[in-house]
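For reference, the structure I am asking about is given below.
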Amino acid sequence: MNAVDVFLEVLSWALIVSGSVFVIIGSLGLWRLPDFWARLHGASVTESAGVILLIWGMCIQAGFTLITVKLIIIGIFLFITGPTATHAVANAALVTGWRPSEAEGLTGAEPEPLRPENEDDALDGGEE
Amino acid sequence: MTLAGLFALWLLMSGLFKPLLIGFGLASVLVVGWITSRMDAQDGDHLDIRLSPLRLAGYLLWLLAEIARANWSVMRIILSRRMPVRQHLFRVPFSQKTDLGQVIFANSITLTPGTITVETERDNFLVHALGYDENDDEALAEMDRRVAQVETAGGV
Amino acid sequence: MFLVAAVSLLVSMVIVLARLFAGPTLYDRVLAVNSFGTLTVLFIGVLGFLTGRPDFLDIALLYALINFVGTIAILKFFRYRAIGDVSASRELGQ
Amino acid sequence: MRHHLILRVITKLLAGAIMLFAFYVQFHGDYSPGGGFQAGVILAVAFVLYGLVFGLPAVQAVLPPWVVHKMMALGVLVYAGTGVISLFTGYAFLDYTALNPAHPEHGQELGILWVEGGVGITVTGVMVAIYYAFAGRPPRISDEEW
């Protein structure tokens, strides 16, 4: 075992352990935070830091193999779909007319009403 | 272009270079290209990818640093006993020209914990922040500028 | 090392499941399901390393995919009580 | 396309890759977990995602229902046909050796390929058909109908 190997081993340890910590913090956030709009951000911690750190750690463990390629593909896929899914959930909540509770002294922006051109948008249905 | 990208993806996933499988790969890529072109023709919004790969890589590195910083602050909020949340819904203007650029910006906002793109409008995103402070507008404007730089001007 | 990751993923999954049962709103639950899916994908990856058979990764990718599409389908279903459109043709029903 | 900008762009971006992944699973059945069934589901998922975001009429224009019907039948035909070929050449049903009596292994490989192909086509057809059937239901059903 030469110095590079030791370094990589330590690095992947650090990545995986810190990734695990962030995964737990994210789900703790999902549990502890006061309301839905705040919880979104808890889930977001798992989806960003947790995924990135764990995938990188596993990549280093796997070395230059097909496994790394697949891990990177999974990573990229989660990197793209994670925020998209979070956005979709938040957007669905907003569209039903639910507004986040604002902190003291702040007024929230009111979304523009959906314009007619949006109404044949499939996800919004034309039936309304 | 897209087809070459798909074929590269196939080779990467497969990792086997037997003639039969490569032949299947080529056939699959052609079928996929045909179906996606049918989809494009159907909904009429073709996705044009006008990004500079080098600048995109640079941006992603910057984004990683940004994600790390944001995670740190959200972690502090979650782990502190009183959870000092300061929720706010506010507008963030964007300056990207292409749809893809705008989506990269919006997803970058969502990816950095603490801010989430809730709605996309004609010229703005509605962004929800967990621990809002007045510097956030500045930070998002900075991100907006960086994403806009990733786009290449005009042409294909 | 992977044991640490696996255990913390399992712990997180339990916490997320608690949120899934507690609700209180539909969107909390959808968020929890989505989060649970992400955790499962990571868990499958880690499990592959633990058992020395990392060819589970294709399954992890498949799970990530189904999770994403499923989340969108649930959201659409609960908004309209249907996943299609009114104008939908019903040729298949005949 | 402003309101669902993100979903639409991401769907466009991913649909091709998802379908390619489906074909990858289809043809690498011998080397990694997977095969016709999973591949069919993944391919169907690509169409379901497209249908969810762009609407049922759009996806039905890309993959018309009559094609889906034919796919369901064609898959079974390919599957059973592979078996029947071996019956006609004097072997047992689905005995792949019949496909290439000189090289049994080669024949088996070919046979599995055909059978998996048949399974993949049928599963895609059935999954998409189920989606079309559900999506074609009128929305907002009343509580009594549950």
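Here the chain labels run A, B, C and D in written order, and each chain numbers its own residues starting at 1.
FYI, a residue touches a chain if its C-beta (ideal position, glycine included) is under 8 Å from a C-beta of that chain, and two chains touch if they have at least 3 such contacts.
Values in this document were obtained by computation on a predicted structure and should not be read as measured data.
Asker: Between A-D and B-D, which chain pair is linked by the larger number of C-beta contacts?
Answerer: B-D
Asker: When the centre of a chain is set as the mean of its C-alpha atoms, what distance in Å lies between subunit A and subunit D?
Answerer: Using C-alpha averages as centres, the distance is 30 Å.
Asker: Averaging only over C-alpha atoms, locate the centres of subunit B and subunit D and give their separation in whole Å.
Answerer: So the centroids are 30 Å from each other.
Asker: Measuring centre to centre with CA averages, how many angstrom lie between subunit B and subunit C?
Answerer: 21
Asker: Could you put a whole-Å number on the gap between the CA centroids of subunit A and subunit B?
Answerer: Chain centres of subunit A and subunit B, defined by C-alpha means, are spaced 12 Å apart.
Asker: Quick check on subunit B: which residues sit in contact with 2+ other chains?
Answerer: Correct list: 9, 13, 106-107, 117, 119, 121-122.
Asker: Among the residues of subunit D, which ones contact at least 2 other chains?
Answerer: Answer for subunit D, listing residues that touch two or more other chains: 1-4, 6-7, 10, 13, 21, 52-56, 58, 139-140.
Asker: Multi-chain contacts only, two chains or more: what residues does subunit C have there?
Answerer: Counting only residues that touch two or more other chains, subunit C contributes 58, 61, 65, 68, 72, 76, 80, 85-87.
Asker: Which chain pairs here would you call touching?
Answerer: Listed by label, chains in contact pair as A-B, A-C, A-D, B-D, C-D.
Asker: In their shared complex, at which residues does subunit D touch subunit A?
Answerer: 1-4, 6-7, 10, 13-14, 52-56, 58, 139-140
Asker: Under the stated contact criterion, what part of subunit C meets subunit D in this complex?
Answerer: The contact residues of subunit C facing subunit D are 55-56, 58-59, 61-62, 65-66, 68-69, 72-73, 76, 80-93.
Asker: Over in the complex, which subunit D residues touch subunit C? Could you list them?
Answerer: Residues of subunit D touching subunit C: 7, 18, 21, 25, 32-34, 38, 42, 45, 48-49, 51-53, 55-57, 60, 65-66, 68-69, 129, 131-141.
Asker: Enumerate the contact residues on subunit B facing subunit A in the complex.
Answerer: Within the complex, subunit B touches subunit A at residues 9, 12-13, 15, 64, 67-68, 70-71, 74-75, 78-79, 83, 85-91, 106-107, 110-114, 116-119, 121-122, 126, 128, 130, 132.
Asker: Would you tell me which residues of subunit B are touching subunit D in their complex?
Answerer: 2, 6, 9-10, 13-14, 16, 21, 24-25, 28-29, 31-33, 35-36, 38-39, 42-43, 45, 47, 99-100, 102-103, 106-107, 117, 119-122
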